[in-house]
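Multiple structures are listed underneath, in structure tokens.
In what comes next, chain A is part of two complexes: it sits with chain B in the first one and with chain C in the second one.
Moving on, here comes the complex of A and B:
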């Protein structure tokens, strides 16, 4: 091949890769084949840096129907129903074009869900941005990104008629050059009507459905596996534009198709488009495929086989149907105004044979391309910063008044209400939302089909993960589970979205390896397997990597939708109890960050038994209707948990707690919760907690016009003004 | 002086709005003739200037920073 060096470089393949390609093909590849190798062996498709660490995730439990490896994970939720869910990143596209990047991120995750045969019923999203305060270019740009991303998510989700019921958003300067946009979707289907992405049965037709193929996102999978440099900011035309109306038609057409008996397998075309979908479908069964690329519906004239194979045009699917059902399948998609065309068939060769107007333009063995992607064992090295910050405690900083500290912390963007964001999302469409955004802790929907309720919560504290990637990742699993348990639901399984920096940096690889270990440990101990997930590496700009950010979404089941526990104070005069031990944990805390601007310290020992006991306590007490509300205690400690409860419930609290140190009202010890009880149920609740080995103390009483806790105090009106107005004031300052 | 700015999607970028209009034209019976529709927008700026060269530089800045989303859109400026 001419200009081999240049071709390899532009396809991000090394000379070793090329030697491997020559060995696989037994000849020189042509450009189409190079393009296919490049996409299939990109970090995004092959998980080449991460695979080593992902192996060994716990993925099974009696309720797991489908673990990782398909478009999404599936769990049994009783009554013959299943929940299908996954979270995926769209970080790089959203940084380049926030609206379209975020919108197509939502579109992509929705397709992953309905490809499996499920109707999407709930979305969440986890967003990380950089420094949004200030008047520098970067601050204004970050605010522009926030507005664009939120607009894009709302636009796509709302058009699709899928409620966005929660999520999280946080800010740190490590995200200045690389924002994170992680989209989660959950769908519902019958547990025996799940469709997989497979192609099999010699002679079965391969049918292309959905939108036409254009030149959008050419090489997107390659792009997302690359760090940003000043130069790559002009990598512009790779951004795809989403068309939610077409996706809605595609959703309805697919669900109609699934009611028939025509489908063998179906796969959505996401990153690396037709290449990854066709190779994955055939790779799983060992079949071969023969495809005529000139039959693919084209949006533009003059497109080449290379472009058809690598385009990332949105809203497309590849179906393997049964012989003889071609016309019936095409009729369904035409009814919904979508393109559909038979473009090939299944063979027994184990090879991918591509034709262009009758001429063979690529011929590759499928298994080696999809399975022999290079698996890397990248060097790891413990980051130097960890030892520099691990010995810091609250005593390393000046002493300040608790009142002063509280005022700073409560107005922190991580604490205040984000209604500016979630009011742009339709959270009520489909009319099943029980716990909507802004109601604290997990979000909950009811399942009409079986009378149960599903709770879900997205969590990750990147500060914990920065100071201790292992424990930080484990705590993300714990916190998402705790939030789910606070609604009375039993946590069942997680999906993860692992966002890290450049894997060529040994320190980043170390963070990644240790975070994976943390997830493994926590999921094993808590018996909540990983059923799906996504890895996003190269979140680095000009040498600065993002904080390790393994975002976790836990999904849990409440057997009765009538007994979903709220996280809002209900009645003046009721008492609040604190469950769990306060041990003086300040590593990576909001207290240190908000008051002293640092992320430092260490994380104490993790007590999984205490965590499980806490979940069990809330679930059982709720089943017996002993609790009025429950809220976990996490970032900012008891003081911030109470502040959120007061602000959102429009009620005051008078609390007094004996602690070994006055600053411990801000302590972030894990496995704690605040519960509201009537005086009548108080003794029973205390007895129940003690029987489970949990510490429990009276914290205070609901009532009055202010929040009082030990030496801090704030009128409710002032607290609510801060809580509800801060975010909108920040984000709207440019408008 | 008047500057006319035309903003339109880059070639190859999907145009859902154009697609919807093409679909509507087709259902009205124009399908045989209309092969595709692309939608753009035109902005007419009234400028307090007589110097086309310097005004053009300024209008270009406006396009780059606000009037066009240069990630997915191109623009032309006419006087």
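Moving on, here comes the complex of A and C:
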């Protein structure tokens, strides 16, 4: 090949890779084949840096129907129904073009769900931005990104008619050059009607459906497998453009198709488009495929085989149908006004044979391309910073009044209400939303088909993950499970979205390796397997990597949609109890961050038994109708948990608690919750907690026009003004 | 009671609307936009919410040309009941069965939340089960809900009793939630057989979803 060095460089392939390609093909590749190898062996598609650590995740339990490896994970939710869910990142595109990047992130995850035969019924998102405070260019740009990403997510999800029922959003300067946009979707289907991404049965047709193929998103998978520099804005053409209307038609057409008996397998065309979908479908069965690329519906003239194989045009699916059903399949898509074309067939060669107007333009063995991607064992090294910050405690900083600290913390963007965000998302379409965004802790929908309710919560505290990647990742699993349990649901399984920096940096690889260990440990101990997930590396700009950010979404089941526990205070005069031990944990705390601007300290020992006991306590007490509300205690400690309860419930609280140190009202010890009880139920609740080995004390009483807790106090009107107005004022200040 | 719920490409509340009327005991049929005729012997046509044709040109502007709409106009002109919710309301104003137009919300954002609305007139089938001045709590979810009409027509619909619902605060005072003139949330035609509103009564049918006020509204059609 001419200009081999240049061609390899532009495809991010090494000379070692090239030697491997020569060996696989037994000849020199052409450009189409180089493009295919490049996409299939990109970090994005091959998980080459991460695979080593992902092996060994716990993935099985009696309720797991489908673990990792398909488009999404599936769990049994009773009554013959299943929940299909996954989370994915769209970080790089969203930084370059926030509206379209975020919108197509939502579009991509929705396709992963309905490809499996499930109607998407709930979306969440986890967003990380940089410094939005201040008036420097970077601050204004970050605020622009917040506005664009939220608009993009809303426009896609709303048009699709899928409610966005919750999520999380946080801010740290480590995301200044790389924001994180993680989108989660969950769908419902009958547990015996799940569709997989497979191609098999010699002679069966391969049918292309959905939008026409254009030149957008060319090389997107390869783009997102690299770190950013100042020149990255020139990558804007690699960002796809979303068309939620077409995707809505594609959703309905696919669900109509699934009611027939025509489908063998179906796969969405996401990253690396037609290349990854066709290789994955055939790779899973060992079949071969023969495809005529000139038959692919094209948006513009003059496109080449190379472009057809690597375009990341959105809203497309590849179907392997039963022979003879071609006309019936095409008729369904035509009813919905979508393109559909038979572009190939299944063969027994085990090879991918591509034709262009009758001439063969690529011929490659499928298994080695999809399975022999280089698996790397990248060097790891413990980050130097950890030893510099691990010995810091609250005593390393100036002494300040609790009242002063509280006022700073309660107005932090991480604490205040995000209605500016979630009111742009339709959260109630499909008429299932029981616990909506803004109601604290998990989001909950009811399942019309079986009378049950599903709770879900997205969590990750990147400060914990920065100071201790292993424990931080474990705590993300714990917190997401705790939030789910607070609604009375039993946590069942997680999906994860692992966002890290540049894997070529040994310190980043160390963070990644340790985070994976933390997830493995927590999911094993808590019996909540990983059923799907996604890895996003190279979240680095000009040498600065993001904080390790393994976002976790836990999904749990409540057997009765009538007994979902809320996280709002219900009645003046009722008492609040604090469950769990307060141990003086301030590593990575909001207290240190908001008051002293640092992320420092260490994380204490994790007690999984205490966590499980807390879940069991809330679930059982709720089943016996002994609780009026429950809220976990996490970032900002007891003080911030009470502030959120007061603000969202429009009720005051008078609380007093004996602690060994006055600042412990802000302590972030894990495995704690605040529950509301009536005086009649109080003794029974206390007895139940003690029987489970949990510490439980009376915290205070609901009532009055202010929040009072030990030496801090704030009138409800002031608290609500801060809680409900701060976010919009900050984000809209440039408009 | 037989209800036809229309489905245009991009409609996304037809199943919710189907579910709501089924809960009320109606026999509900979903009708594809390409049909030329409405089903026989129906008592109500509902244009459900969503994003017909993606709202790409202007909300409701393309759906009004769907084949089924000719039958809907004839059906309405015969004095039968037609209800448009959210995108359905937008389609009914685009085709001229209802007065006024719905512009982009004045804050330019999609707004999704529970919203209090006040019943202005109940001398019509739709709100016959509600009291005048009654405050209802019903979800809204729209980007284009900013009701506009020229001043003379505004006077006319106000004096004809065609303004049925206004956005209000918890005390019932009119609230500028999206820029709508006179805080209008729902209107009807002069004959009071065609109704349109931006709030979603079909989302407020059950206590576990936060409100049952929508049930009270839709029950008007069941009598």
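Here is the rule we use: the second predicted complex is superposed on the first by the 735 of 735 C-alpha atoms of A that agree within 3 Å, B and C clash if a C-alpha of one lies under 4 Å from a C-alpha of the other, contacts with A are read in each partner's own complex, and residues count from 1 in each chain.
Quick note on the criterion: a residue touches a chain if its C-beta (ideal position, glycine included) is under 8 Å from a C-beta of that chain, and two chains touch if they have at least 3 such contacts.
Just so it is clear, the structure is predicted and the values come from calculations on it, not from any experiment.
*Asks:* After the overlay on chain A, what do you see for chain B versus chain C, clash or fit?
*Replies:* Superposition check on chain A shows chain B and chain C fit without a clash.
*Asks:* Of chain B and chain C, which one touches more residues of chain A?
*Replies:* C
*Asks:* In degrees, to the nearest 10, note the angle that opens at the C-alpha centre of chain A toward the centres of chain B and chain C.
*Replies:* With chain A as the vertex, chain B and chain C sit 60 degrees apart.
*Asks:* Which holds for A:96: it touches chain B only (first), chain C only (second), both, or neither?
*Replies:* first
*Asks:* After superposition on the shared chain, which partner residues are touched by A:391: those of chain B (first), chain C (second), both, or neither?
*Replies:* A:391: touches no partner chain.
*Asks:* Pick one for A:337: touches chain B only (first), chain C only (second), both, or neither.
*Replies:* Once the two structures are laid over each other on A, A:337 reaches both partners.
*Asks:* Does chain B (first) or chain C (second) touch A:241, or do both, or does neither?
*Replies:* In the superposed model, A:241 contacts chain B only, not chain C.
*Asks:* Tell me which partner A:429 touches in the superposition: chain B (first), chain C (second), both or neither.
*Replies:* second
*Asks:* Check the residue A:216 against both partner chains and state whether it touches chain B (first), chain C (second), both, or neither.
*Replies:* The first partner, chain B, only.
*Asks:* Between chain B (first) and chain C (second), which, if any, makes contact with A:564: first, second, both or neither?
*Replies:* Once the two structures are laid over each other on A, A:564 reaches chain C alone.
*Asks:* With both complexes placed on chain A, how many Å separate the closest C-alpha atoms of chain B and chain C?
*Replies:* 5
*Asks:* Taking the stated contact definition, name every residue in chain A that is touched by chain B in one complex and by chain C in the other, in rising order.
*Replies:* In the superposed arrangement, which is not itself an observed complex, chain A uses residues 243, 245-246, 337 for both chain B and chain C.
*Asks:* Under the definition above, what is the set of chain A residues touching chain B in their complex?
*Replies:* Listed in rising order, the residues are 96-97, 100, 211, 214-216, 236-237, 239-243, 245-246, 299-300, 313-314, 337.
*Asks:* Mind listing the chain A positions that touch chain C in their complex?
*Replies:* 151, 154-155, 158-161, 243-246, 248-249, 336-337, 419, 422-434, 436, 446, 448, 561-562, 564
*Asks:* Would you tell me which residues of chain C are touching chain A in their complex?
*Replies:* Residues in contact with chain A: 9-10, 12-13, 15-16, 19-20, 49-51, 53-56, 109-113, 139, 141, 143, 200, 202-203, 205-206, 208-210.
*Asks:* Residues of chain B touching chain A in their complex?
*Replies:* On the chain B side, the touching residues are 9-10, 12-16, 19-20, 23, 69-72.
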